[in-house]
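Note that subunit A is present in both complexes that follow, paired respectively with subunit B and with subunit C.
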Partner chain A sequence: MAAAGRPGLAGLFAVYKPAGVAWGRVRDAVETRLLRELNAAPVRAPRQRVRFLPAPAPGGGGAVELVAARVPVLADHPLVRGPRFKKLKIGAGHRLDVKASGVFVLGVGHGNKLLTDLYNCHLTKVYIVGGLFGKATDDFSDTGNLVEKTTFDHITREKLERILAVIQGTNQKALLMYSNIDMKTQEAYELAVKGLIRPMGKCPPIITAVRCLHFALPEFQLEIHCLHETQQYLRKMVHEMGLELKSSAVCTQVRRIRDGVFTVDDALPRTQWNLQSIQEAIQNCQLKVETELEKTLGHGKSSPLYQLGGDTAEHALAAAEYDRDVMDSRRKEVNCSSLPPFP
Partner chain B sequence: RRGLGAAAGPPSTRQLREAEEAAPVFQYAGKAAKRKDRVFVWGFSYSGALGVPSFVKPDAGWKKPRRIQGTPYRLETEEKISSAACGYGFTLLASNTRDITKVWGTGLNKDSQLGFQRSRRDQTKGYEYVLEPSPIPLPLEKPQQTRVLQVSCGRAHSLVLTDSEGVFTMGNNSYGQCGRKVVEDEIYSGSHLIHQLKEFDSQVVQVVCGQDHSLFRTKKGSVYACGWGADGQTGLGHYNITSVPTKLHGDIAGVNIIQVSSYGDCCLAVSDEGDVFGWGNSEYLQLASVTETTQVNVPRHLPFKIGKVKEAACGGTGNAVLTEEGNVFVWGYGILGKGPNLIETAVPEMIPPSLFGCSDFSPNVRVARVRCGLSQFAALTNRGELFVWGKNLRGCLGTGRMEDQYFPWRVTVPGEVVDVACGVDHMVSLVRSFT
Partner chain C sequence: DWDDIPPSSALEVISEEEAVQIIAEPLVPLQSSTLRDYVDHSETLEKLVQLGVDLSQVEKRHKAGQLLLTLDFEKNVKKILLFLKDVGLEDNQLGPFLTKNPYILGEDLEALETRVAYLKSKKFGQSEIAQMVSRAPYLLLFSVERLDNRLGFFKNELGLSVKKTKDLVIRLPRLLTGKLEPVKENLQVCQIELGFQRNEIQQIVYKTPKILTASKKRLKQTFDYLHNIMGIPHHMLTRFPQVFNSKLLRIRERHMFLAFLGRAQYDPAQPSYISLDQLVSLPDEVFCTEIAKASMQDFENFLKTL
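Right, the complex of A and B next:
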């Protein structure tokens, strides 16, 4: 798998997952397309070797003489070897369920190591959630079995915003409580003032901000910033908002527009799932990802960025320094050994 | 409908759609549904101040006595409560109604601060602890026309402000805080006496109780005081007891005062121009910006450069003011709300608005009201959220935890908080439901 580690194809990129498709299929589809293009690339010319092949003698009548001929080695023939790349290591970031759509981060090659680090950064994700008043279903979406129908003409935008304010308030409290900081310290106070308190470990789904984008009875649309959530949790939240407003609501659309540092602008639509676009996407996002990881996790010799051996200037410098040290020490050894033995 | 011969199967899309359209529609709230007004209480319950008798004397076998109610608990009231006040172990709730019963009291009644509550076991004696909000009989001339505007509670006395019949005072009068002459060896327990005060230069619009003194603010902007004065909290220029409400002078003479506040032994007043005046106890640096003495018995102007002040709140050892822009400034001694490192300051320090929920995402959040208990602070935002901080004495902060809170913390109340009253170890909030 020598050239699968080619420098262009290691890193993180985002893909726009359409609704109605499982995330596994999207990952497989991207892998298949990349493999197809990589295998379609022109291969090296097959090795040649000199073979002595029997050829009819000029004399005539059945005599065979050996003639030197340069023939390609059959072992290098594509039909013998098979496709050059059979599998690619493509890992998925935060998953999206079948009914949801939006930004879906994938890592390829060595970039998979960055996926765990991005997960540990606990960055917020932004969703656009669309809802519909008047119905309640068993799986909280508009395609489920109907449970109840209610009136909704008493709902106003002001009431909805009040509920959203309370949701934000309780989730802010949860944010502070799960961040495992002792509330009695000055450090906790300063972090709370700056708004930098964030749980860095396991915690239940927390919503950091909600906003109503669009309100036209019976439909409404919310922008939700959250952590550690699942899409079904967001649908359940829409259902509970309906209950709180003394009516009922179902969720019609869950669309992720931002996952950490990747936004919808960085996500590739299905028409661009090819090698060229993916390589460009990886290049464009590399700097953003590195700055975010450094900011949150800190930079050190043990950080995976260093081990990735990417081609940023810092790493080149550090690598050069390391090489120089090695060369110096080796030169010292050589000099010592070239000294004539002490007579 | 399928005939008997057709096989069963999952319902088709058309059948599902028809079933959905034929389903009945339920109505839970009509278009004119009004938001309901509720009262939530939390804190120490054994004094009866929370008004829930089953916390003190369980009425079912499985219930256990609850010493501290750590989170907001709904108190069912018959009428809509428009004003509430917390004293030292007792609570007064008042409604704006024209019915005969306008004020209810619950909690400690050892000094008849809740009026005379006739005991059912012995008709001649009164209850010393009232466990449920019980009506307080006020000697009104026109009980079906007068409305109660506001109530206020101190350590062992309470004041009730009406719109046309002056101020009613009841409770302990050993320092003249009820506005009547001090009677030697008076027994306050089981007393029927409720005094009425009417002699002010204009109609009284706000009554405030300090620990053992009373302040009255009139429509013309002047302030009257009576009660204990050993710390100068009456502001009348001496350190003696005053048993008749007397007008204050000093730096507030001629100034139109729009709000007065007190809970311990220090008092603050805000003028219509946004200036702050203070008098009373200054042992905890409350008035250290103008004087080094520990007692100030004449109102002094506090030259703070923090902008136009809208509202002031006095606690036992710390004070807070709210400016027109919606910022909260604190000073004094104790847990002031800026982390454990700020224990005392003589100059007001601002609490960062981000602690009240103001951020880039929601920049319009402002603090609308600020209130003080004895060693706690409470702030209400314009979004109806309640933030508390300070010493968590017997769970009075309502956060659900027993630890002190060094910076503003949200209290989860199922509704929009309209007003809050802070006491020594309990709090009462007036809340409107969301929908």
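Right, the complex of A and C next:
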């Protein structure tokens, strides 16, 4: 089978999901556009076969004799066979709900395997969350049913930043707890000083960093770095912040500007969802993704196990043990630089 | 008797002439889910492929593949193809037509002729009938009473003059072949929920009959955005009903871009007025350069900030 046709259409790329559209529709739209372009390429000619057709005999009269002729096999005709590509394997990375927008990672063909690896890297995502003081709704966003209206004149930037510091403190404790590091070791201290601790297993949503970008009553904007979150959790956080400030708040905008190694600059807007741009995007992001996976999980071309070659069960088992050792003891080879320094 | 003549063995030696006369082709499968297995052995299917019928689509239809295999080209199919040519369909239109409606090849020729005669009696011209049939392939499968009922329904519901109703039906013959309940509901939605007057609805439907078959949720969402957020009054929407046909996402992105640039002016009395049909129907590059007076790159960068 011509699996994902051409060379280069296997890998990861990021797309900018517009607000108001479900993520499934975005994935389907990208698949439809790619299929349309792939099917527009010229089809190979139908194969020929030799058939003996009746033809009038050269001697004249009513005699009919069989003549060998090369005819195309109609079962290979494009109108009978249908389009060459009917489906493409496009997988989605971290999902975005209907009201949110931002960087949405998709994988094509063999790139889908890298999606699970990226998920296991547990890299942080960065969101820009816009909020509005003064009202509270039932689903924490500005399109829900209004529950209450409050005053907000008493809120100042310092009060907001104090609340943000409290949130960061509690989340930092949770971070240390879930990353399963023995706090009494020297290595743990050094990693914590550099800010390289993160949980590598299942954990509830953790916010690693928050700051206030913009504050003009009643609106405000926050930049949130988080792990394992959902967009509704972020909206609930905005609502709770409003309650802490003795007022109420709703979330007007949730926009993801970074998902692991993919930033807004790498994401393709709707006008560029075509075969060529996607191929270029895959090429551009390939190196970044490989370096990140190699650093975090120890896989990839420079890992010693890959160089041993072969795909036998013992190598796979040894690879699994190697991963587990790396994760558990946190040796210095692990150099997770996914949390950028806080400006 | 069974025991007298021994069965011939496959390893028996036979003469050259006998050997040449043995034709051993693989058997045609008795059951198959595609028409690919039969297309080389059936003259009907071969001629249809040469006409341009897309058999991969036809075989997905309900019992259509079975029908095509049971028909004979000389006896049944040829007469109907000649009839379609008489109605006015061109040669290159026959392929797509039969792809969408293969069932017409199993219809009775006299019934089809009565239906065309009925349409002609309602004063539809020859070219107009050809246009209607090519745009709505299922039209000729409807009996005369059904067609009559449907034409009457549209005349009563829309309240337009006979000539205008006929013009509407010629431009969108899909109305006659589709369901009628959703059309009635759409008219109710336009009147009650969107708040258009009866004559405004008539004008809108005459300009863009597609509104009658649009989904109600999409209509309501588009109207909500246009009227409440963009602030466009009813009479402007009556003048440019094409906006209801386009996607809400497109309208929203373009409007927000214009608002960001400060050019969102939809009132014809003010300067630098942008008409709604230009907002919606122009392709992206033309929209950026002419209406927004910005580059495509700026538009894309703006899209990434929404």
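The rule is simple: the second predicted complex is superposed on the first by the 273 of 343 C-alpha atoms of A that agree within 3 Å, B and C clash if a C-alpha of one lies under 4 Å from a C-alpha of the other, contacts with A are read in each partner's own complex, and residues count from 1 in each chain.
Here is the rule we go by: contacts are C-beta pairs under 8 Å (C-beta built on N, C-alpha and C of every residue); 3 or more make two chains touch, one makes a residue touch a chain.
Keep in mind it's a predicted model, so treat the numbers as computed, not measured.
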Task: In the superposition on subunit A, see if there is space for subunit B and subunit C together, and answer fit or clash.
output: fit
Task: In the overlay, answer first, second, both or neither for which of subunit B and subunit C A:P269 touches.
output: second
Message: I'd like to know which partner A:S179 touches here: subunit B for first, subunit C for second, both or neither.
response: neither
Task: In the overlay, answer first, second, both or neither for which of subunit B and subunit C A:Q286 touches.
output: neither
- prompt: Per the overlay, which chain contacts more subunit A residues, subunit B or subunit C?
  reply: B
- request: May I ask you to decide whether A:T252 touches subunit B, subunit C, both, or neither, giving the answer as first, second, both or neither?
  value: neither
Message: Quick check on the superposed pair: does A:N112 touch subunit B, subunit C, both, or neither? Answer first, second, both or neither.
response: neither
- request: Quick one: classify A:S141 as touching subunit B (first), subunit C (second), both or neither.
  value: neither
Task: Kindly classify A:A75 by the partners it touches after superposition: subunit B alone (first), subunit C alone (second), both, or neither?
output: second
- prompt: Which of the two partners, first being subunit B and second being subunit C, lies in contact with A:R211: first, second, both, or neither?
  reply: first
Task: Minimum C-alpha distance between subunit B and subunit C after superposition, to be given in whole Å.
output: 8
Field: Contacting residues of subunit A [partner subunit C, same complex]
entry: 16, 18-21, 73-75, 77, 79-83, 101, 255, 264, 267, 269-272
- prompt: Where on subunit C does subunit A make contact in their complex?
  reply: 35-37, 39-40, 45-46, 49, 52-57, 248-249, 252-253, 284, 296, 299-300, 303-306
- prompt: Hey, which residues of subunit B end up touching subunit A in the complex?
  reply: 19-20, 23-33, 338-341, 352, 354-355, 357, 359, 361-362, 383-385, 403-407, 409-410, 412, 416, 434-435
Contact set on subunit A toward subunit B in their complex: 134, 146, 148-151, 153-155, 159, 162-163, 165-166, 168-170, 172-173, 176, 183-186, 188-190, 192-195, 209, 211, 225, 244-247
